[in-house]
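Each chain carries a letter (A, B, C and D) given by its place in the written order, and its residues are counted from 1.
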Amino acid sequence: MFEQKIELKGHIVDSYILPQIMDTIMDLGGNYVFEQFDIGRTKDEPSYCRMRLNAGTQAALDETLRLVQRLGATILEDRDCEFKPAPRNGVFPLDFYSTTNLQTFVRAQGKWFPVDKTEMDCGIILRNADGKLNAMCIPVTHIKKGEMVAVGHTGIRLEPMERDRKREVFAFMGSSVSTERPKELAIAGLVNEMREAKARNRKILLVGGPAIAHTGAAKYLSKIIEMGYVDVLFAGNALATHDIETALYGTSLGISLNTGLNEEEGHQHHIRAINTIRFYGSIQAAVDAGVLESGVMYTLVKKNIPFVLCGSIRDDGPLPEVITDVLEGQDAMRAHIGDVDIAIMISTMLHSIAVGNLLPARVRTVCVDINPSVVTKLADRGSHQTLGIVTDVESFLRELQLQLAATENN
Amino acid sequence: MFEQKIELKGHIVDSYILPQIMDTIMDLGGNYVFEQFDIGRTKDEPSYCRMRLNAGTQAALDETLRLVQRLGATILEDRDCEFKPAPRNGVFPLDFYSTTNLQTFVRAQGKWFPVDKTEMDCGIILRNADGKLNAMCIPVTHIKKGEMVAVGHTGIRLEPMERDRKREVFAFMGSSVSTERPKELAIAGLVNEMREAKARNRKILLVGGPAIAHTGAAKYLSKIIEMGYVDVLFAGNALATHDIETALYGTSLGISLNTGLNEEEGHQHHIRAINTIRFYGSIQAAVDAGVLESGVMYTLVKKNIPFVLCGSIRDDGPLPEVITDVLEGQDAMRAHIGDVDIAIMISTMLHSIAVGNLLPARVRTVCVDINPSVVTKLADRGSHQTLGIVTDVESFLRELQLQLAATENN
Amino acid sequence: MFEQKIELKGHIVDSYILPQIMDTIMDLGGNYVFEQFDIGRTKDEPSYCRMRLNAGTQAALDETLRLVQRLGATILEDRDCEFKPAPRNGVFPLDFYSTTNLQTFVRAQGKWFPVDKTEMDCGIILRNADGKLNAMCIPVTHIKKGEMVAVGHTGIRLEPMERDRKREVFAFMGSSVSTERPKELAIAGLVNEMREAKARNRKILLVGGPAIAHTGAAKYLSKIIEMGYVDVLFAGNALATHDIETALYGTSLGISLNTGLNEEEGHQHHIRAINTIRFYGSIQAAVDAGVLESGVMYTLVKKNIPFVLCGSIRDDGPLPEVITDVLEGQDAMRAHIGDVDIAIMISTMLHSIAVGNLLPARVRTVCVDINPSVVTKLADRGSHQTLGIVTDVESFLRELQLQLAATENN
Amino acid sequence: MFEQKIELKGHIVDSYILPQIMDTIMDLGGNYVFEQFDIGRTKDEPSYCRMRLNAGTQAALDETLRLVQRLGATILEDRDCEFKPAPRNGVFPLDFYSTTNLQTFVRAQGKWFPVDKTEMDCGIILRNADGKLNAMCIPVTHIKKGEMVAVGHTGIRLEPMERDRKREVFAFMGSSVSTERPKELAIAGLVNEMREAKARNRKILLVGGPAIAHTGAAKYLSKIIEMGYVDVLFAGNALATHDIETALYGTSLGISLNTGLNEEEGHQHHIRAINTIRFYGSIQAAVDAGVLESGVMYTLVKKNIPFVLCGSIRDDGPLPEVITDVLEGQDAMRAHIGDVDIAIMISTMLHSIAVGNLLPARVRTVCVDINPSVVTKLADRGSHQTLGIVTDVESFLRELQLQLAATENN
């Protein structure tokens, strides 16, 4: 029988942390004994427990520990985290510790260090900067041979996301992505969150797909940007292209946004729009030349709001600003997410998952799509931080813009 | 080699009638020879063709003829339709002619008679009323032993639906149910159609599911009813129940439409709402008693607009007005569809398919659902008469109400 | 401040009962104080807690109590349940207690009585049979004026569903309905459950939709029935009709199951199949006459296995056995569910929801559909008893039949 | 009134070419007059027509001509195509002719030249190679300043796809992507097509997503590859990673393919698998080292079958073989599609659309996905060349492998 003690603190019962830990131990065939259990007597008091868990083999115990650690349990050992050198550039030691998106701490020289730049599926390195130790997350492609990388799972501690103590939009609607719920209320909740984020000087990130242009919703998004509620936009070639197509030709994928008719073969307009911007050299240059005079990209350029366009293999063209190397694209996005508090992801599974991979768990994420499967997939990030809304993107952006405008005037 | 001559008239090329007939003959392994082909030289001139089609067996020829007849071909024979007596109540002769929803004619005594009450999957009977022969559609459950029912397929002719000669909302959007299309334009087209129907004194039928209540859209539908744009409503127990639940408790399936929160266990409110109406004896009685004071059902009662509530096996309760026998329910709906020109079907697959089965092909049908599969299934009725819109029911009804109100004021 | 004591026993932490209760109290704006909390020290020891909960108003307290009671909390009061007479036939007292599908107990004359025939959204009556009190669930349509019906929520206790103490198929896959999971394993787990149910002499219920016939899977289901793994079948007119259409014409909705081609206009065959059975008077009579010689309905008749066919308003025909009154249909199904341990629901949302409404929570339910939304909707019954499988019905039934046959031979 | 003559030849009625042309003219507000119409009297005789079409403005006429040209009409003018120099590297002349995926001809020096490397949304250049003129498609990113690019739409002719004269799998099932169809027949048809392609020495391309690994279907695909039915594979980082994860750890995304249980935190295994391959330097090297011993990638390496792995911004790692620049990825795929006759696309919208953009219309495409929307989107390429199958990828590949093996043994 292989045993280990762990401890847990905080709102561990109603945040579903302790039940999940008990489930995990049993699912892996193990057992547990509570040595101490002090329930928080009221909703504001934290709980505490210390339990001994066991498993039939050392391997099963290791797996169990790795999992309960990810759920927030601290392994009660007085040992530092172990570090090993990367065997070559772009390669971690084979037994590296793979990160979650939760706030993480590593123990070195008997002290706990917070890990910077939390991101899933990365490694942890400890750098000595000016005599001070500094722990940080690093993607595998960035590691240099010889850098010291955390391995195993001792000396590592995670801070789980707890249920908020008050009623709030992300808590109550998070798990619900039904098509059959009133959407106005969810949008009203989001409007509050956005206004609070602005008041705290925190950033709002918008991640968008081409349906924004196809459904004629680009005009609503342009107004939201103009009102200052988007601090950075991530998208692909498609949203930018069809937004510019609309500005140049009045169509999106060749369908007129005024009449709904196919004006002409769709591919014509969008590839022509791309060629035109390529002719001028950049979106900025096309705006300066007076060729591009409306739309989402125009508004971003005019308001000097940064955007990152990442390429994909299904792109036509692409536009000059599109970053065609996907690793460079990821790094370009990483550079912008430090201060983001809210990420609004609209009608793009590819970009939403990509951004979700990069974001720390603390960022509140709103995912809007007409396809419930997409929302389910994206909303399922194991925290109380996600709001999924199954609805039409056109009506979502129209309503969001209206409600933001209404609160402005109060 | 088994042969038969057929002929076709009208806009048979661009309405896809002739190509489908050629496809059908080839799919069934046969061949054809055009004996005459006079193309309509301009878009307003009809075309005419006469062709000889053949097949390897009499059975294959019969099947081919049955199919091309359904597509609008006339079988060139100088014979009357054959009629046989129904062998018992509720049973057709085994070789009965099964109807389509297209306008149909039967030949008797050397003359062609139009068939009344066109409906799919029924039989045709010829009744002698005051010395005049009268052909009509009849469902199998209504047939009486001994009545004369059309059999085989000679002496029967159908009038296919042709493409309209002008651009219009049902023609251009019909085949397209994409989530990625601008919805405002489709709604604007529908508003025009609804206003024209009112101007012609024709009826608008609304078929609705409970998502109208769940999403908080009942208030928009109530206004549309109040404005006179619904002449009859078909629904099930669910829409009426949750609409009344909202009126009595402010919730739908227990979810508050003001806060989006679960106020209380959902089933409580809806079963209590049903019990309350049962206590008063009817929806009308509850309105008269001042208990029910708002919502879709309230507005219908107040405006004296007829509704049919048909039961299903998943109903709780049900409400007193619900017709629990499904055959009686079908008959109750049949009684209302005579003058209907437009049927708007919202978020209910069961009722929409049921109503679709009863409607003649000429009725223009708009199907709105957030699930593209439902729209595809319902919009696929083989005619230019159907408009499918994949969107959120809340935003659809809000926008429809706004646009109807806007045109009212012009 | 309005207060009440409640208590909880059992595996209340890892079965997510206590966390949900804490959530509920907080969601409704209340607070709680644990007076006693004895955690089960190991996985087999039950836990116990007694807590005082409070709310700002009596109404909020009442709602909170109703909800936590549904989650399994016992309200600590030494009071019997209150009963009031039904005001008329088919109507409960306005403040009746509305049931869940969990095992329920009512307190009368100082003793707790188990409630028979547990079903959601019903009332509870107490009958005196031969001097013995007998509590049972009753649907609103069955209540007679003057019968005593439980009201309020004191003197009522529920037994929540607890997580199983061992790994098992329903526990681990229940929440997961992903299309991207290996299906063979889920089917292997189901095969085990089905064999165990047979060994215990408990019933297996199959609820099926017409896709079983359309996809050519009726032959697999027929074999499963022949092997004795279906004790009762619930379906609608459509499954039976298309199954019989296949037996008579080799098609389903007119599409040949041998060639995949449209043999002839679909509606022809299915309405002819219905008419033929109507001609013979019943499915049984058609089997006896040697007209119906294969398929699901044939096998059921031959093996003397009961089936219930419930009508819906979208039915053509229908077949003679179809119960056209929906309340009679519900009662016919209720008569068969007493000994059911496993319900397998395949490709029918209408019938699956209807049956789900009637089943007690203890029945293990497997829901199979290619549409993830349907599976999500049906699998979401708040217990550890449901397994959702998103897959093709043809491949599901083929694999299930193969695995059942394989285990037979061991 | 602006006029132009066009002509059409071939099976233009039942291939829906002429009806679409008539629709297009009317949709754009124009009219037409048939000057000559010679119907093919039997199914094997081609038809011919010459028509005069007109429009209200020159712009409307130009748009109409562009569209009907894409549908296969030849514009009756005795003029060569016009060519203009590219204004700079990577930029077409602003009025360039944008290609379709149909076989195209350009007229130069009074003669018609076939255009090589047909691909959508590209330009056409005319190169002089060894004194011979050579027309070819070129993507915008590849164009060099000064190269002569086709502009406008005169002197360009397309060869439309015609309906096959015999019954066949792609013709009859093409438009049907229903979940409610028998799949075995479609797979049998595909097996025939694959065997015929092999007999003709033409290539089969497989495009796959990670669901192949997640559902445990990699073992079936590996066998299909081993039997020689895949000539080249296109995928992303995800399929290769999870396939290798399965080989190394027995899991896919951390879920055991033997037990269906979460063995351990999913992200651990897949990122470890990537790191391991990165450690060895390549998939080939890991196979050589005896580390990778089974699965799809292993089989490809062992059988020396080429594969292209294209990166996307949602990739973790990625594996060393992944091409991280999307334009390089497109070029790598272009290099392999010359001899491809059949493209089988399984469970990946991103890669399927990307490959679909690159393929000429003549390539028969089979698209398999459990999500009907994906199949609809991909199958909608306007030709008789596409077969959409909505089903579970596991059961599709199992059945395909079984049927291929069965025909091998005959």
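Note that a contact is a pair of C-beta atoms (placed from the backbone, for glycine too) under 8 Å apart; a residue touches a chain by one contact, two chains touch by 3 or more.
Being a predicted model, the structure only gives us computed values, none of them experimental.
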item: B-C or B-D, whichever has more C-beta pairs in contact; value: B-C
item: Remotest chain, chain D as reference, centres from CA atoms; value: C
item: Chain C and chain D, separation of their C-alpha mean positions in angstrom; value: 45
item: Distance between chain centroids, defined by C-alpha means - chain B, chain D (Å); value: 38
item: Interchain centroid distance [CA atoms averaged], chain B/chain C, Å; value: 33
item: Junction residues of chain C, two or more chains touched; value: 27, 167, 172, 261, 371, 373
item: Residues of chain D defined as touching chain C within the complex; value: 167, 172-173, 179-186, 189, 210-211, 214-216, 253, 255, 257-261, 370-371, 390-392, 394-395, 398-399
item: Chain C-touching residues of chain A, taken from the complex the two chains share; value: 13-16, 18-19, 22-23, 25-27, 29, 31-34, 37, 39-43, 49, 163, 165, 167, 172, 372-373, 376
item: Chain B-touching residues of chain C, taken from the complex the two chains share; value: 27, 63, 66-67, 70, 87-88, 90-92, 94, 96, 98, 120-121, 140-141, 261-265, 267-268, 270-272, 274-276, 278-279, 310-317, 324-327, 329-330, 333, 350-351, 353-354, 357, 371, 373
